[in-house]
Amino acid sequence: MSEKIKYFLERISWVDIMVWLFGLAILVIAVIGVIGSIHNAYYTKEQWMDFVVFGISQGGVYALIALGYTLVYGILFMINFAHGDIFMAGAFTGYFLAAKLNQYGIYNSHPIISLLLIMLLAMVTSVVVALITERVAYRPLRKAPRLVPLITAIGASFTIEYTFRGLYGSGVEAYPDMKIFVGKTSVLGLRILKVHLLVIILSILLMAALYAYVQYTKAGKAMRAVAEDKDVASLMGVDVDRVIVNTFILGAALAGIAGVLYALIFKQVHFFMGFIPGIKAFTAAVVGGIGNVPGAMLGGFILGIFEALGPGLILEGLGIPASYQLKDVIAFTLLVLVLIFRPTGLMGERLSEEKV
Amino acid sequence: GKSSYKCEDPYGCVNVAPGQPIKIGAALVLSGPNESLGVDSLGGVEIAVDDFTAANKDWLAKGKHSIQVVKEDSQCSAEGGQTAAQKLAADKSIVGVIGTNCSSAGEPASKILSDAHIPLISPSNTAPSLTAPKTHAECYLRTAHNDKVQGKAVAEFAYKVLGAKTMATIHDGSPYAEQLQQVACDVFKQLGGKCVAQEAINVGDTDMRPVLTKIAASKPDVLYYPIFIQEGALITQQAKEVPGLENTVLMGSDGMISPDFIKAAGKAAEGMYLSGPAAVNNEEFNKKYEAKYGQEPPSAFHLHAYDAATMLLNAIKKVAVVDKDGTIHIPRKALCQALFSTKNFKGLTGTLTCNQYGDCADPKININKIINGKYVPVWPKK
Amino acid sequence: MEPILIAKGVTKRFGGLVAVNNLDFTIERGSIASVIGPNGAGKTTFFNCITGFYTPEEGKIIFDGREIQGLTPDRVTRMGIARTYQNIRLFSNMTALENIMVGRHPLMHHQWWDAILHTRRYKREEQEALEAARRLLNFVGLQGLGDQLARNLPYGAQRRLEIARALASEPKLLLLDEPTAGMNPQETSEMIRFIRHLRDELGLSILLIEHDMKVVMTISEKIAVMDFGKKIAEGKPEEIQRNPRVIEAYLGRGAASGIKSATATA
Amino acid sequence: MDSQNTFWKSAVKNGLLAGAIGLYSTLVGLVQAFNKRAVIEQLSLGHITLLLSWGVVAYVFLNHHREAESKGKLIAAGALVGGLGAFLVALLPMTAQWVDYHFVFVHAGPEMYSLLTFGKGPWVGSAMLVAVGALWGVLIALVVSLPTFWRNSVVKAFLITITVGLLSDLFSGMTIGWMFQPFLGVEGLNILGAVLVFGLSIAYDYWSAHRKPKESAEAVATEPTGITKAQLRRMVVGALALVVVAGLPLLLGSYLSHVLNMVGLYTIMGLGLNIVVGYAGLLDLGYVAFFALGAYMMGLLTSTGPLGIAHWTFWEAVPFSILVAMVAGILLGVPVLRMRGDYLAIVTLGFGEIIRILALSNWLKPLIGGAQGILLIPKPPLFGFKIQTPIHFYYLILVGIGLAAFVAYRLRESRLGRAWMAMREDEDVAEAMGIDLVVTKLTAFAFGASFSGLAGAIFASYVGSIFPHSFNLLISINVLSLIIVGGVGSMPGVFVGSLALVGLPELLREFAEYRMLIYGLSLIAMMLLKPEGFWPEPIRKRELREEVGD
Amino acid sequence: MAMLELKDVHSFYGNIEALKGISLYVDEGEIVTLIGANGAGKTTTLRTITGLIKPRQGTVTLEGEDLTKFKPHEIVYKGVSMVPEGRGIFARLTVAENLDLGAYIRNDKEGIKEDLERVYELFPRLKERRNQVAGTLSGGEQQMLAIGRALMARPRLLLLDEPSMGLAPVLVELIFDTIVDINKQGTTILLVEQNALMALSIAHRGYVLRTGEIVLADSAENLRNNEMVQKTYLGME
């Protein structure tokens, strides 16, 4: 009998048990919170629905930024800390065009053209910034240990932020309202802001396009080959520099689009606006499985929903005051929880136990 | 000729030789997310210096003096305040310092500079502890309103004038906002009202709808969020989009008094109330500012900063002894005393009188209403 | 002779693929045994099952009288099994000597406080470990290269260093995964001598995977042949060479004759 | 002829590049902001920034073609590059009357234009600017055509002079500041000082260049026979270093001591993070959490304010700060045991944020003060004396560094240290070597955290009040950056890194709004220059050393 | 003119001089083998030819054109393909995707399809596993994939770096047969091998490298009979 117990005990993985217990504890607390909140019945059904809608909308923004993040990561295995700032560069520059167009009245008389023009400018700016960053801060260090480009990425992030602070000033600039996107609309019985709907639709479309591109086109395959082994990829005839540059261009263009949409929703831009979305997008990308395109999208939506719903649903039931202050705690706890039960993120491929 | 002055001040004197500038420090937040506060205050200080120089040409001309502003970044943190203060304190030619912006930086800075017998006057520290009887530093003063004063005014206005019975508040985790809403809530309760929700967001948050939805569930008469431009504008806008807040009156404080706020919040800001110093929108000052920096003041404390600097310069002039050769001697203790004895000083923020703990702001708080994109004082009635 | 390792009905699956299928195998104490088989037969997977990298779905692995399947690799190592890898896996940014000293980890017991205070236990163990490491370095013929970073060593030296590192834990059973891959015939003969030497001098039991028939046939006392995860033959080298199934699946006709000439000349 | 063409084409390209960089620094506002700061007499940092942005490009370009082209052509090309660079910048004031740059670029205003045109109006002034650029290019070309030794020496001397000029107001703040007075202007160096620094630098180069062969010969001669001589030298150097380290704050005065103290606190943290990242290879972006815990523990246990729970002294509280950080390190270590690489990075980043947000929260406000922080944290007493000024704290922090370095060093040289490094190299194989990954990882987290806790405790007492805002992500990033800039895994590198990333930015504090820009740019520059770090860990020559010892 | 020619090539890893003046040539239609001990510089030679390493001195010419000024991917377009040491398969791509990438430089759909069939015919195991992620293939399967992938480029010059490493004897035979086949169909081959016996049995000519220098160059026949070669590289005593 004791033999058996011993046999069993020897085979238990304490790490797993500890980690799982940890995860379980979080879950239990969360469930208690949820029960508490439901018991309180503080919110109406409509309000609960609103939370979900807000979450999905915010999630769409996260998803959009996370796509670019995950793309660069997937190819270079590099946490591009500057991605949030590349996003800012596009949105901020787009503002000036928006303001001018608004001044001349074109902004609201030809909204779609204006929007496309602004997006184009934002994309170009983001792409230029990304290309300079790549050329100066990343390319020379491609063979260096992995922590080194991480540091230059951090340096690039500061540099971009404060460059634009110097160029455009430190104030908050207000994006003009675009009339056709003002107000709400009804989808499947849900009242949702028109801009939000735009963001959600666009992020899904872009995700699908990106996924198809990476997965099925020749260029996409070349990207994945470069991700695995640059030398061997070049032996296949793939121009590695070109592919990397393309990746940055793609990621930055997405960031530019995301920037303009972001500005349309929140109607303000300033030089520091990229920092927090950058980190959130990174989190979303990891939740979904970093490097994985649909994962980034899923991660973004989940993160958005949890942030919107979590404080009211979980924390308030636990009797925690000012619960919205702790929404990032929820976001990061969610991240830990996901990684505990799925160490490579929700959709990250399980690199079936590395080949020994 | 040789100097004939003998310094008898127990803390020593600053001697400014002919041709040398009189140096005053500016320890402000000049980097990071809060830097618009510092940039704004710095403008106030520099314009005050310009005005003082223009008004006191003769006094300065004797020894060919000028006034130099030595700026240091005190950031919005305790260690930043400490570093800036250490650096300024190490420079024996600094006469006085304007700063800091954030109360967290003011905590250590006030102690260090007081230890070095250099007065520190803050345009935007509002934490009560800085001028509380036991904890205040020896030579620390401020022209900003102690949170206790402003919070009280807000609560009284909401309860008495607006007739509100319930109030909700939001702060952004800054000591300033957190304290202010707490004071407002406390006073509101004393008056007989109810604080139905005290919520908080984080700096950098953009989606305020969930927190507003929560507040909407308690249907407050007044929503008070004494925070800064960025998040303030977002709350103002999104409050219009959240069902249940249609009849709630929005209120803020001086952190949001700025043209940038009107721009950022747009139409949603119409009809909103903001508490602040008596003269919030000084056209004349704004013109000077635009002429000098090519932009409008980015935040709301430039007038306080202007007053702080003017107060300091006036006190310097008052205690300074000009030598035959033009050397200016400034006794340090006397300067500090002169500052504390400031009475009925007509500044841009009102009539300032300093109490023994260093609070100098005019106790009169205005409530402004935003009408047609302008801050219009509506209370107290003239 | 009593067996040191008994595998009974070991099965390891990857999704639908049965990489090791109901495998029985025993190694006698103090002997040299080999596993051969076509690429993808499941040899390395079998090694991984023994050393705790994988947990077999079925079957038992009994080492020195104790069941070890499902134990974590560090425990298996502490019980006395050490291994090398098909693609060399050294700690490439550590020196050769440090690599070996890491291998000695299970034999050392000082704790962090010993290290901080330099207690007698710490000093004794470190001294012993250093001496042992130097001895092993000489033993595998790498004297003088102790302070080279592992990644700067030539390929052959890296293979030998990996073996030295494995030996540092003073194992009873040593598993070698293609120790002569990428070596030329001269180096291969040296390796053969070296493996024999290990057994004779240190009394180790050795299990090896090899594709080089010269090596397998000259030093193994027993050979198991795997194909598609199954054992298709087992026996002495001469038997294996003659086994038609083995020739068909693995050796190939030409190679079989080639080996004869190779073994003859060796 | 073809190569001729490419040379001039390339010169034009470089001129454009020079102009682009010049435009960048002008529009970002660097030139204008730096203009307020004199470096050598009237020459301001703003001027220097412009000159450097053209000069560096011209220098690199001309130097590349030095051998291939004649001197005359180099000079012409220099003038072209400099002139073109200046012309692009001059385009701004010239076209300003037609284009409203200010709509987009905040700094593009009358002040900037008049600065660029020496107050002489758009046309005359611009011509002057172009002339200055061209002359500067010629000067560079002349320097480039000097013989190698002199060229390098002049460039170096130039850069050193600027640096000294830039930092010169620090000298006046020193205790021995009066010694430097004759060489200093109102701001920066005066002409005398500049000439002196320039001359000294060249003299030193000359001296060291002519001394070198002798020394190496000597070294070769002594090596086989007398190690004692080398040892003696090392001892003398060590003793000298000790004296300098001990006397430094007295020499530097309180502000620079304060800067050193910040460097010191980051060094302690760096030594800790070095264990986690450098040795054990666990990428941790939330290191600030433990710093915060150490600081808050100190605050709670010692504060004389309403939040103080024990009113202990610093010395009684320090062990608890360390312990709490250590326990937190272990607790936070558990859920990440299975995570690798970048997953670890983001999760630890999350932990750091969680701790900060909790410290800030209304929820825990009754206990730890929320946004209002903890005030009135007393200074450490020492036998009736009070450790109070930055100079006093210098010694306290020095002791902290000593302790941390000692522990880190001894751990590295042990079974545990080797296990960490093995894990860093290859986790699977390390496990197969009999290393218990759980214990090894958790000890790495625990030790790393405890150092940070120590630093936090000292910090709390040093600053006297703590606020949640002090414990933000930037600190984690800074500590990580400094260990990498210093050289991952290297202990002296930690110190060098904190000097570079904490000390230098402190000295740039007056450039407030541009400090972060300079910080970012220098992070990139440093990594490009020395990807392996400024003081990488040397390969340990254990075998050799031991054999000598035998 | 020789198809490929190296003249006095010096290549470095940092400060380590791995090739100390290599000169060799390969004629069209030949199989030439490089043999030598570990670390002799065989891989470095191949990497220099494909442009992964830039020589500090010397020239590499392909049909008279200097290759050293081209980047690796440009050299591929000139008809040079390599099976790298350690296979270098793309572990997270499927077998089929790996093969697709082999044909990256080609646009003739028909030809690619044909070649794909040929590769599958050569290695039926690959066809069986075509949707498996390549990283989970066994060593030998990966080697097949690497060769197959190189063939997909339809190279004129194929560089093989130790194709028999880690392969079962049957497969070694198969692979060598394949090499001869490919050669017969017109592909020139430069083969690096530890298995010198096999290599010399199929090659026309061979070079022996030692520590970055060529110490012997002769026909395969002569090398096989060379005493030094027999002793060190063929394992005959």
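For clarity, chains are labelled A, B, C, D and E in written order, and residue numbers in each chain start from 1.
In this section, a contact is a pair of C-beta atoms (placed from the backbone, for glycine too) under 8 Å apart; a residue touches a chain by one contact, two chains touch by 3 or more.
A quick note: this is a predicted structure, and the numbers were derived from the prediction, not measured.
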item: Partner chains that chain A and chain D have in common; value: B, C
item: Remaining connected clusters, assuming chain D were absent and nothing shifted; value: one piece
item: Chains touching both chain A and chain C; value: D, E
item: Chain at maximum distance from chain C, centres defined as averaged CA atoms; value: B
item: Busiest interface, counted in C-beta pairs; value: A-D
item: Whole-Å gap separating chain A and chain B, where each centre is the average of the chain's CA atoms; value: 37
item: Length of the line joining the C-alpha centres of chain A and chain E, rounded to whole Å; value: 44
item: Separation of chain B from chain D, taking each centre as the mean of its C-alpha atoms, in whole Å; value: 33
item: Gap in Å, rounded to a whole number, between the CA centres of chain E and chain B; value: 75
item: Junction residues of chain B - those touching two or more other chains; value: 35, 39, 173, 198, 200, 202, 295
item: Residues of chain C touching at least two other chains; value: 14, 44, 53, 72, 85-86
item: Touching two or more other chains - residues of chain A; value: 169-170, 321-322, 325, 328, 352, 356
item: Interchain contacts (touch definition) - all pairs; value: A-B, A-C, A-D, A-E, B-D, C-D, C-E
item: Complex contacts: residues of chain A adjacent to chain D; value: 14-16, 18-19, 22-23, 73, 77, 79, 96, 100, 136-137, 140-141, 144-145, 147-152, 154-163, 165-170, 279, 282-283, 286, 290, 320-322, 325-326, 328-329, 331-333, 335-336, 339-340, 343-345, 354, 356
item: In the complex, chain B residues that touch chain D; value: 20-21, 30-32, 35, 38-39, 70-73, 76-79, 82-84, 86-87, 89-91, 104, 107-108, 111, 127, 129, 135, 171, 173-175, 177-179, 198, 200, 202, 294-295
item: Interface residues, chain D side, partner chain C - complex; value: 406-407, 410-411, 413-419, 421-422, 424-426, 428-437, 443, 447, 539-544, 546
item: Contacting residues of chain A [partner chain E, same complex]; value: 218, 221-222, 224-225, 227-229, 231-240, 349, 351-352, 355
item: For the chain C and chain A complex, residues of the former touching the latter; value: 14, 44, 47-48, 53-54, 67, 70-72, 75, 85-86
